[in-house]
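For clarity, chains are labelled A, B and C in written order, and residue numbers in each chain start from 1.
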């Protein structure tokens, strides 16, 4: 006997959810177990994080309490987020970060793509650098060893990508070039840098680079790490862009040639826009990766957000409550990552082929 | 021009410009210091008593005092110092590359370091030894009783090598956990990951006095397994700078032996007839000219920083939180090891 | 004899003139690179001579002088640098390979969960993937290390299961059989022979495989006369085999981090299988498990393997974060050696060579796997 068709699902949201979760027996069991589990986890989290928590920056009270110690954020939050910047001058990294974020946000708007966007980003980075370093316009000079925290993470990430993207495009073009020497050089560089961990590159910058420069030359440690991050980002971006360039069909090149466009015009007006459109998703993922890679500079004694976190947790009074600090820092990174991911999805939707 | 090549050229020039961003220093360290107007001093990232920055960024400590003395002698003011915090791993390369002018960072003077790394030590400003700190246990007095323990140690230091040699020599086992940052190894000890922490005796005393939550639960074993003479170092090859660095340290020791301190130096300058004191405070023969300095170089050291005894008491001795005894750091006339060749 | 009439060979087109411009540009590019390289080498030679640092790899036969706290084979501080580096490489593999294996398992589980019919399962796995992908690996490693060393009990009051397994700040210690090499031959042989025989018996595989595994486990448990059991001593738990908290933190963090990336790869692979295949399985009334196991996953492997190769390579490279928590892998060993003898160029070159070799080996192995999962087209 033929099986009876099930009645159609109701149109309301509630009916649809009820059908999805409790439609048939196995689903119902799984749903019940999961919902109970989620409820229990939420209850424990609320109890730890809200009800039993201590908000006052009082280490003794925190040790006595059972819940979270959010007071550690009040106590150590400034050190973690702004680093060891001199206390009286901390308005400078704050202002600089806001300006930089503003410029990045403005440059990210599709209407500012191109020269305007590049100029905005460059301007933002330079303003940030001037504000942090000081020495001009009456600002007291602050050495790069005192830069730290979230502003430093932002600066390193933005510079790594600002220089890394053009360099990556150059390397991708070089790898696809018909000139054997250029192709060989690009391929060697890309494969070499992609084959070693970033930490090796940073140690190379710290230990080997001083040996490779003439005696008495001094390269600022921040510059060394910046160069390593740029080199690393460029190699990975090159591979992604190469995939995009490969996907642009020969016909496009031939049509541009037929229209009398020279090589540079073909590249900038025909090939690159199409290639970049295809690679939006992996590029966004690499951008997030670069932000995460900046955490590795904390291993070579640069106090970025992770480095200041370790520094703040050195205080033995507050060390048992490091988990709360880690939660806050993870939340910051999560926000950055999710923002970049959603921006990538926005770009994908905007530039999707109709 | 082939766009690929154009891009390659652009990136090559960016790399070249970035590489050129270091400042080239032709010539000697002294000229460089005078030109920049600061002495670049490599110090510890943060060790109470030797080099520690407070929340306003002011540095203090025994090594910091040496840097200030050097700046006072060469540039006239003890404030003209740029402090560069270095880790155990980067301190040697920082001095080798010329990034810093002098390394005053509890660095042990050993044969290998003095000969094979391109550095040279100017003297000893602290006689230390490697010791062990652990939780108090009844009957625990000797290092050999630590067999089988998990021991935290910092990498890049003589501590690691001494530990390995001691235990291998006594045919004992231990589980060593090595960290590249001192904060990490101390935190691992404080959290209980390791039961024992080893380091220089001064380091352990500072740790016990300032950072442990319950200092009375811990003990530093009285036995020291090595001798660690700590002192400043400079780059090998610049004899003039080496002489200035060496005699700055000696001047501080000599001042204490002559009885000159920052509080009485002005009255001694005005009234003393002792030729040795007169040479020291700048009213006698000009000794500074042999090193390229003026005749008040030693006066400024003691006036602005103090003699060795004052520096010791203020940072690690009776007037500090650490309260180490003078012990071997006392003058040779009082049973210690600190002696300076005569300033004449 | 018939003569073969060959057609007239058409004249070859004239050779294109040498493209002097491209040749010149290439020569210029090469010359720039060579000049840069020569300048760097020249500076290095000056610096090394001025600092009295030796050159070359002769130091590999010198005494290392530093301890490595854990490893696969015995190592004393009086051994050579070469042995120290070998121990470091062994430790790198000891952390990376289990992480790769566990990450693959986790990745497949999460990837398949993301295509589940059940909305909650999909939501939870999606949420887990999004959160873990965006937190930097270093932060995750530090968090796990902190949790293990701060929140676990000290050596005096361990969490224990009888005297077989102990969990303390010092790690996870468990009893191991006390076997010499000759005594271990029989169990080892059985471990490989029995499952292989069970595999060969194809019709009864479903029964023989589990039985053979149980027999192998039984042999390992019952064969040894004595066991090295961990004990609580004056300095915590000693004896037996120990998984240090450094290893545990590194492997757990790597597993979670690589696992969620693997989940994304698996999800992509599963979505690449044409919808028609799912419909065919419904037409054949296969259960979802059967459909996945026999139809969908084998076809998705073709899409999964290339990005999976990069994932494995990235996991091996990410294991270098061990230096942040004091796990003695090759990076840690080489930087310690670097600090002791100053030969930075050689030591960094060794690290780079190790990772490039591991990459190459991974690529070779995965290339074989790749050819195996390709569609067998006519």
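Definition applied: contacts are C-beta pairs under 8 Å (C-beta built on N, C-alpha and C of every residue); 3 or more make two chains touch, one makes a residue touch a chain.
Bear in mind that the values here come from a model prediction, so they are computed numbers and not experimental data.
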Farthest chain (mean CA position) relative to chain A: B
Which of A-C and A-B has more C-beta contact pairs: A-C
Centre-to-centre distance between chain C and chain B (centres being mean Cα positions), rounded to whole Å: 42
Euclidean distance of C-alpha centroids - chain A vs chain B, Å: 39
Cα-centroid distance, chain A relative to chain C, in whole angstrom: 25
Multi-chain contact residues (two or more partners), chain A: 179, 182, 185, 207, 210-211, 213-215, 299, 310, 313, 319
Per-residue multi-chain contacts in chain B, two or more chains: 2, 5, 8, 93, 96-97, 180, 184, 191
Shared-contact residues (touching 2 or more other chains) in chain C: 22, 25, 29, 47, 50, 150, 323-324, 335, 344
Touching residues (chain side chain A, partner chain C) in the complex: 17, 20-21, 27, 30-31, 34-35, 38, 178-182, 185, 192, 195-200, 203-204, 207-208, 210-215, 288, 291-293, 295-296, 298-299, 306, 309-310, 313, 319-320, 322-323, 326, 329-330, 333-334, 336-338, 341
Chain B to chain C touching residues, read off their complex: 1-2, 5, 8, 12, 88-89, 92-93, 96-97, 115-119, 137, 146, 148-150, 155-156, 160-161, 163-165, 168, 174-180, 184-185, 188, 191-193, 195-196, 236-237
List of chain C residues in touch with chain A within their complex: 22, 25-27, 29-30, 33, 40, 43-44, 46-48, 50, 117-121, 124, 130-131, 133-139, 142-143, 146-147, 150, 313, 317-318, 320-321, 323-324, 331, 335, 338, 344-345, 348, 351-352, 355-356, 359
Touching residues on chain C, where the partner in the complex is chain B: 21-22, 25, 29, 32, 47, 50-54, 65-70, 76-78, 149-150, 154-155, 169-170, 233-236, 238, 244-246, 323-326, 328, 332, 335-336, 339-342, 344
Residues of chain A that touch chain B when the two form their complex: 84, 86-87, 143, 145-146, 163, 166-167, 169-171, 173-174, 176-177, 179, 182, 185-186, 206-207, 210-211, 213-220, 223, 227, 263-264, 267, 299-301, 310-311, 313-314, 316-317, 319
